Structures are given as structure tokens and as C-alpha cells.
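In the two assemblies presented below, subunit A is common to both, partnered first by subunit B and then by subunit C.
== the complex of A and B ==
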């Protein structure tokens, strides 16, 4: 590290960086919640794609409302209910994940509430995407222009918070068929269907460039310390009670419309 | 919600009670803070309130908290019969894209949980001190209430917290 960058990093809070490639999203979420609740340090977790296409709902997600359950069961798509809030996504190898887990005092001037944290994240990503597309935070989404490419969710405790993002570097259009149109949609979506509403980050920059730029932006606010994912400082406590769960086949089957509901739907 | 907050801060300035109950009234003028703070309650630095009446203490989140969280869409609450510890999390609220822990200001046994919140989580926004109550607890250490903030202290705490950010 050069003398100038060393001097710059003095006094900045420490940020541990853990990088994965293709890690299962369930394991990533397990790690994040454990870091939130048992660590006192700041962490940035980056997962470059996930190995198996998986549906991920927010904490209050109901499969009957959010998913085409029959297709999900037929195609055996795993469904996870995560510990944070927010909506439903289907993630795969084309999804890039960046998560910040911070002490509330690590980011000066940011109160531990949804909107201030969201706003802080947008200033960081403004640096990442400077000169690329027309990036901004629109309601709670990251967009280029008026097309979404990044979705956010948070979990906030008394003294710490998680802000995690799934970036659509690429996606399979056919996977969207597993998801129903949610009841709550952002106003800026208007009446656009999925293909008109989202865009692919790969049309703007490479995966490597995105990760490099993100690490550089993090380095302007934190003193960055790369950590190996197998290191002992990364918790792997089998006794930790996770809130994130993988839904069972029985839970999904219970969400199927009943025979009479199916008949009523068919009548119309 | 904005109209209600304007009305409550105006009422504060005029020393008029904002609530139907005579025992609960806005404590004092909140010229810089637009959230309601009620007399007769105790407050935690994590923005929960406690109302101690006889052997039962009712707990919820403050107007300041609900305003900063945004529209509450889901509430996760414990079962009656469980216990809470001072400063420990007993549940969570979901608003916008976030889940936020709710912490208990005191220790004790949970004797009742507000079941209306599962169908109408927005009560936390519209009525944080009344219909939006979350749990009722039988305090195990009533002296814990003494270490909580009163209305004046809590109002100053909110103002300082907002000013610092």
C-alpha cells in the first residue's frame, strides 16, 4: 500500500471484506445474519453469482401470494425466506451480491433506519457507477435511467445493520415466470412488465470491473481488510439460531390453491 | 400521518391533550421534533415506550420510531408465556425493505400480545401509543423502570439524535 493511501486509511473504520464465487445463497444469508448478531466488526460480503437458481423471499413473504407454486414444485426450485425485509427475487449464477454489515457508529451521520441507510448506500454506489449509465437510487431500487438492476433489503438491530443488494448482472427471462407480480410495486414501475422494467448490468460493465470499483469505493470510507472465507474470524457456528429458512415441500404444497379455488379461477 | 403529527405538535404548543385519555398528555412543546412524546410513559434509548399500570407494563415503539421506520407492513411478536430481558429483542417490525428489531425496556413475563397487529400492522404507525401496543409484561424487576427516560429526557434525546445526523 502506498504512503498516501496508508495515511488516508488511518482513522477510518475497519471493513473486513469476504469474497465468494458461486456460494449457495442460503449459506451467504446464514453467514450474514450470524455476522450481524454475533460480530462487533464491519463486514462487506461479496458473492459473485450463486450456484443454484433459488427463489428468495423477504421475512414476511407468503408463497401463495408471491409465487407460481405449482411450477416451483414441479421444477423443484428451492425457496428461501431470508432474515431481512423486502421483496422476492430469483437468483442464479448471473446475480452478484454485495452486503454491508456495519456498526451504526461506523458510518457517521447515518441513523440506523431504512431510509438513511438506503441513502448512504446510494452515495457509495454513485462512486461505483460514476460515468456508467445514468445510475441513481429510485425509491428503494438501483436503476440505470428508469430500469432496475439492483434490489435492496435490510435488517436493523439495536446497534448494527445489514444492507444487502442483489445485482442483476444477467438473468434468465424464463425464471421470472416462477414469480407472481407482487401486490406492492414501486410507483416508478408504472404498468411495465418485467422485460421493460429491469435491465442487465452486463450491458454496462463487466463483473470484474464492478467488483473492483465497489472495493475501491469502499476503500474511500473504510480501511479495507481482505479476509479468507475459511478464516477462523469468519463465524461458522453450527449452534446459531438462523431466521433464514429453506421452505419444505410440505410448506409449499400447503400454499397451493385449493381444488375449489382452482375451479373458481378456471371459471373466469 | 403527516396531518396527525402536525396536529399533535400544534396541540403541544397550545398545551392541549392529543389523546382521549386524561392520564396521557403531550408533555411539552416540540418545536424542533415533530414526533409525539407522551407524559406518563417511560422511554428507552432504542425508542420503545413502557406504560406501567399496577402489575402490568405495556410496551410499544414510539412515534419517533414509527416515523423513521416508515409504513409498517408486518409485525413479528413472541407468544404469551415467554420472557423478555431488559435491552433484549422480543420481536421485529418490517417496513419498506427492512426488518427492525424491537427491544424490551424491561425484564419480565409476557402476559399478552397484541393480536390485532397481525391483520393490521399499520396500527403501529397510526396509533403507536394506543392501538399499536405490542406486548404486555409482568415486570420481574420494577426498579428497571427507574433507569428509563422520562418524557423531557426522551424528547431531548430524540432532538440530539436527529441533530447529530
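== the complex of A and C ==
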């Protein structure tokens, strides 16, 4: 019945796809929050690397607890506090971002709560990494074996939700020195150091292959509609009230005195 | 965690007066404590990020109240009631434990706690006159404020005998006045008047009427001939709504007979090789799995119809709902993604859902997202059912009892066959008789020749 196969693609919910390369992470986050709060369509935002190394904290992140503030100030690393929950990352051109912004009924059987959304995302990426490494969702991270290569965060509103992931396609070990060991770590980390805990996605597949496979996986559940946009410039509305902010020098300096020596000792 | 057992519904509300039933109308001006509800497995506490409302604000149902953060997610908490914020108990930046009160609200008259919209649409029932449960429902009664605690049935009993319920000493929980207390009071007071003929006996029960064990010994012949009024609440109220909507859909029914001899043998084989005492093999998991196989070939049977846009949404997952009769009413939890589960996995998941259903602990996720429904009404009785659709699904299958009936074998001899009658109800706007017939033929073939399942096994 050819009408059924036609109906199949018409019948799937629509997902707009927006792709950037090297877009600033602050602008990406501005766009995502705006789409979450003002759009009624489903979106997938993919950013292939970001232009400047930036520290991104979750919505309630406190610099004194999470960052080596002195080095951050010294090297003038930008620090952003995003609108979603979760932990701290330092992102750069080696980071790949994939974000889903959906209506709560967009995915059949997925309720708008953290666990179901996280679970659904892992089944999608299961398809992406089929036959590559030993991919699975471990607590809230994407891992190959027991090494993390992707971190997740979400924001859930009354009728819509955002699930965004930063993938470590590649990273520079020295950048990790700006971040403290977080107080709350996943159980599976055990006591591992950063180098022993994470791995690089580039050891498993290329950027192009990852993006292609992701788009293909999305295409099995949604009717995809690519949206044209300039590769590195993100459109945003200046009148929209963003929750994502860039921390000022003053805010970072204010965090300095609360960093006592006991924090330094913890790292060892 | 003890909280786990209380929180079956994402918006459980703790009330500060006593009630034996969650689904009750709140009288005027009740202060309701709104807790931080369970928002996901294993989350014990959240950080309160910001309030969208302040003390004194008028709130509407479903309006966002605040934003919290748990682990990786920020989430908006919405209101279940219309009302007014009377007291905010936590401030942004504070950590709130799940179950702790977030704020207090003054709830307006006759505000019924709502299930989420998803709950209402998915709790629907197969039309059935047979059920083995009963449950006393509290009627809305303004006398509930102050005075003795008791159910309306007991109050009416007291009224019939012309006694003041507040004079009666209650021996029930929290000093509640029970039927026995009223009767005891009457004996001690020497009142032997028969209940007045004009009074309304409000013996309130949910479907069906079950014989209630009663120590009611004072009427002459133990029978009552007056009409009784049942006010519908909770599951029954949503059944009215969903059945009314289902009645608007042009249904047609397709009947078929399936020979289950092979299935009976298969079940026996599963059971004899079964080393796990926790697992009990029944027919249902195989029927569910073979149904999923048939759906793969006939996806229009696993779809949903969007009236406004005239679109058929072919659902990707086979989330097969199984109607269950519980002491709390009929519920239809569904098994997710059956196409990716083995029969053993279906057996375990079915057992898990049954356990939760019996204890009234099904989660919203368990009862929503279904794409097709199976009703095993035959477990209770009956030869044929004529099911109404569980909207927005497009098909529903009622199965009668497996009966031993005489049938002709190929050689002309009569032999006893295990026969299952199925009745497939379908939405005629989406599927036609031929589609249902072909789908049913496929399913029937897999049940009658289970070895064919191996052909399609992945």
C-alpha cells in the first residue's frame, strides 16, 4: 500500500534541524532558550565546535565551588551560566553540541520528566553508535565502556523540554585545569582522575560521520526539515529575556575570597 | 523509600483533614499543602531556583508555580488547583526534599484535584458488566466541615434513625464514626424505629454492586427498595468522558475464532522448563508478542487519528495496553516497545504492571502512551466482547475465554479444540474491514503456528 508509506513520512512529527559550525556557545544557548520558550515546534540544534574556549556552568553553578577562579581570571577565560541544570564543562573547537527542543507530546511514550527523556536520548544515540565502541547511558552520561564522552543537561517547562549534550570529540588536557573536581560526581566515576574518566570521541569516529549518523537516527523518528542559516552566526532576538548569562569580572573576583586552602587539598 | 509508596501520581497532594479517599471534592476555603512531588526515579531533593508567584496571587490550574533543579534538569512545577497562594515556605537557593511542602494554597470551592491531561485520556475501560471489585466513594457533602468524622453513608444511616451523629462515639480511625457505632448507639438508646420510607439510602459503590457484609440487623427483611444515587468521581468520571468521545467514533467490529491448541502446548513447555519460581507463564505474553509481530506488517492498526488535520500518525512503538480489573477499578497500563522485547521480557513486564495495578501504584508513564489495547475479558468470563476504542488508538481487541469445543480435523474426525474468540474493534475512519481481516489473519496464523515466529525473530 503506497499510501501507507506516504502516510508514514507525513505521519511523523516534524523536527527542524539547524546546523552551525564554530558558533559561540553563548549565542547557541540564547537561541535554545528562546526556541524552548517561544516556539511550538520541535528543533534539533547541532553546533560543530565552538570558536572560543568557554566554561559553561549549570543554572545554579557557583564559581567558588566549581572553578579555579584565579587561573580563570588570569587567563581571561569566559564563564557562562546556562539556563539548564547540570554540571560544569569547558568547551572549545573540539566539542560537538547536539540539542533537542521538543513539545512534551513529540516523542510517543516519553513523558516530560528527566528519566524518560534521558532514556529516550540514549536509544537515539544507540542507533548513532551502533557497532562503534560499547556505547551506553551510564547514570546521566554517555560512555564508551566506562569512560565518559558526552554530558547531558535538561530544562523542562510546562509543555516543552530541552535535552542538550556536549560531546567530547577532542579536548585539551590543560583546559581541564580550570575546573575543580566537582563535589557531586557520578557513582561510576569511582575515584578516577579526569584522564582516566573521560575519553575522546575522535578515537571512535569522525565529526562528519557522527553528525550524519545523528541526522539519520533523528530521521527515523521525525520528519526532518533543515533550516537554512549562516554557519557561524546564530540569529537571536535582542528583546527576549535570557536566563543564560556571561559572568562579569566582578562576579568572578567576588568568588575569590571564598576559595580557601581546603579546596586545594581536596584535589590531592 | 516510604515516599515512593505514597507518590503514584506526580501531583499527589497532602490534605490537612481526614479522608478515606483521594478523589473527593474539597469544601470551601481549605488550606492545601503543596509538596515537592516525585519528579523522577531516585531524586531525593531539588534546589528551588525561582518562584513565578508570590503570596496573595490568584493561581489557575496548570499555571507554573516555581522552577526547581534536580541533578541535570531544571523543571517547572505547575499547580493542580485553582486557588490563592497563602504562604511560601522556601526561598530560591534552598534545597527542598521530595515530599516537603513548597507552599500553602487556599483552594476554591469544589476544586477537584486533577490528574494530568494524559492520565484522563488514557484511563478508559472496556465496556463490561462484569467486575469483581467494589469501592466506597465519598459524596460531596458540605457537612464534612467540622463535627464528627464519618462517611456520608453512615451519616444518612444516622439521619434515618433520627440520631445526631455528633452524639455518637466513633471507634474508627481518628475517632471516625462507623456504621457499627451508629447501630450500637441505637440499641443502647432503645430506638427501634424502622428507617423512614421516604429517606434516601445512599449505599454508594463503584461498579459493580457487591454484597456488602453488614451488621445491619434492624430492618425487618434486610432489603431496601429505594433508589440510590451514585455521584461519579475519579476513574468513573473520566470513563464517562472517554466513552462519550469514543462513542462518536464510527466503530466496526470484526469477529474471529483462533485455535489455541499450539499455544496451550507452548505454555506448558515454557512452564515445564521454567526454573524461576518468580515467573509464571500465561497465554497473554505470547499473544502480546505475536500481536506486535502482526502489527509490524500492518502498521495502520497501531496508529492514531488526528481529526483536525486528517492525519494518521503511524506510531513507531508497539506500546500494547492490557486492561486490568483491580480493586480500584479498571486500568489499562501498557508494555512499551513490545517489538524490542522477548516473550520472557514481556512476561516480566506484565507481571510488574499487574503488581503495581493491584496496589494502585501505576505511574503516569505506565498508563500513558499506549498504541493499541488488549482486553482479556475472558479471564473473568464471557464468550464475546464488543469493545469501545481506547482513544486516540485505532484498534482494540477483546478476547473471550478459551473454551474446549468440538471441531473437525482434516481427516473429518471430531476432536476437542481450545478455541479463543476475539473481537477486534476498529476506527472505520482509518482502517477498513479488509485491513483488519488481513491483520487478524496474520495474528491468528502466528498463534496457531507459533513456530512461524522464529521466521521473524531478530
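Going forward, the second predicted complex is superposed on the first by the 243 of 268 C-alpha atoms of A that agree within 3 Å, B and C clash if a C-alpha of one lies under 4 Å from a C-alpha of the other, contacts with A are read in each partner's own complex, and residues count from 1 in each chain.
To be clear about the criterion, a residue touches a chain if its C-beta (ideal position, glycine included) is under 8 Å from a C-beta of that chain, and two chains touch if they have at least 3 such contacts.
Since the structure is predicted, the reported quantities are computational estimates derived from the model, not experimental observations.
Visitor: Using the superposition on subunit A, decide if subunit B and subunit C clash or fit.
Guide: The answer is clash.
Visitor: Mind working out whether A:140 is in touch with subunit B, subunit C, both or neither, as first, second, both or neither?
Guide: both
Visitor: Is A:36 in contact with subunit B, with subunit C, with both, or with neither (first, second, both, neither)?
Guide: Touch partners of A:36: none, neither subunit B nor subunit C.
Visitor: Which partner does A:155 contact after superposing on A: first (subunit B), second (subunit C), both, neither?
Guide: The answer is both, since A:155 touches subunit B and subunit C.
Visitor: With both complexes superposed on chain A, which partner does A:114 reach: first (subunit B), second (subunit C), both or neither?
Guide: A:114 contacts both subunit B and subunit C.
Visitor: In the superposed arrangement, which partner chain does A:11 touch: subunit B (first), subunit C (second), both, or neither?
Guide: second
Visitor: When the two structures are overlaid on chain A, which partner does A:84 contact: first (subunit B), second (subunit C), both, or neither?
Guide: In the superposition, A:84 contacts both subunit B and subunit C.
Visitor: For the superposed three-chain arrangement, which subunit C stretch in 293-301, 311-319 or 365-373 runs into subunit B?
Guide: After superposing on chain A, the clashing stretch of subunit C is 365-373.
Visitor: For subunit A, which residues belong to both interfaces, subunit B and subunit C?
Guide: 58-60, 83-87, 109-111, 113-118, 140, 152-158
Visitor: Any idea which subunit C residues touch subunit A in the complex?
Guide: 10, 39-41, 43, 47, 49, 62, 64, 69-76, 78, 93, 118, 299-300, 303, 311-317, 319, 336-337, 364-365, 368-369, 371
Visitor: Can you list the residues on subunit A that touch subunit B in the complex?
Guide: So the residues of subunit A in touch with subunit B come to 58-60, 83-87, 109-111, 113-118, 140, 152-158, 184.
Visitor: Where on subunit A is subunit C touching in the complex?
Guide: The touching residues are 4, 7-8, 10-13, 58-60, 83-87, 108-111, 113-118, 140, 152-158, 220-221.
Visitor: In their complex, what parts of subunit B are in touch with subunit A?
Guide: 46, 68-70, 73-74, 76, 87, 89, 92, 94-101, 103, 161-162, 164-165
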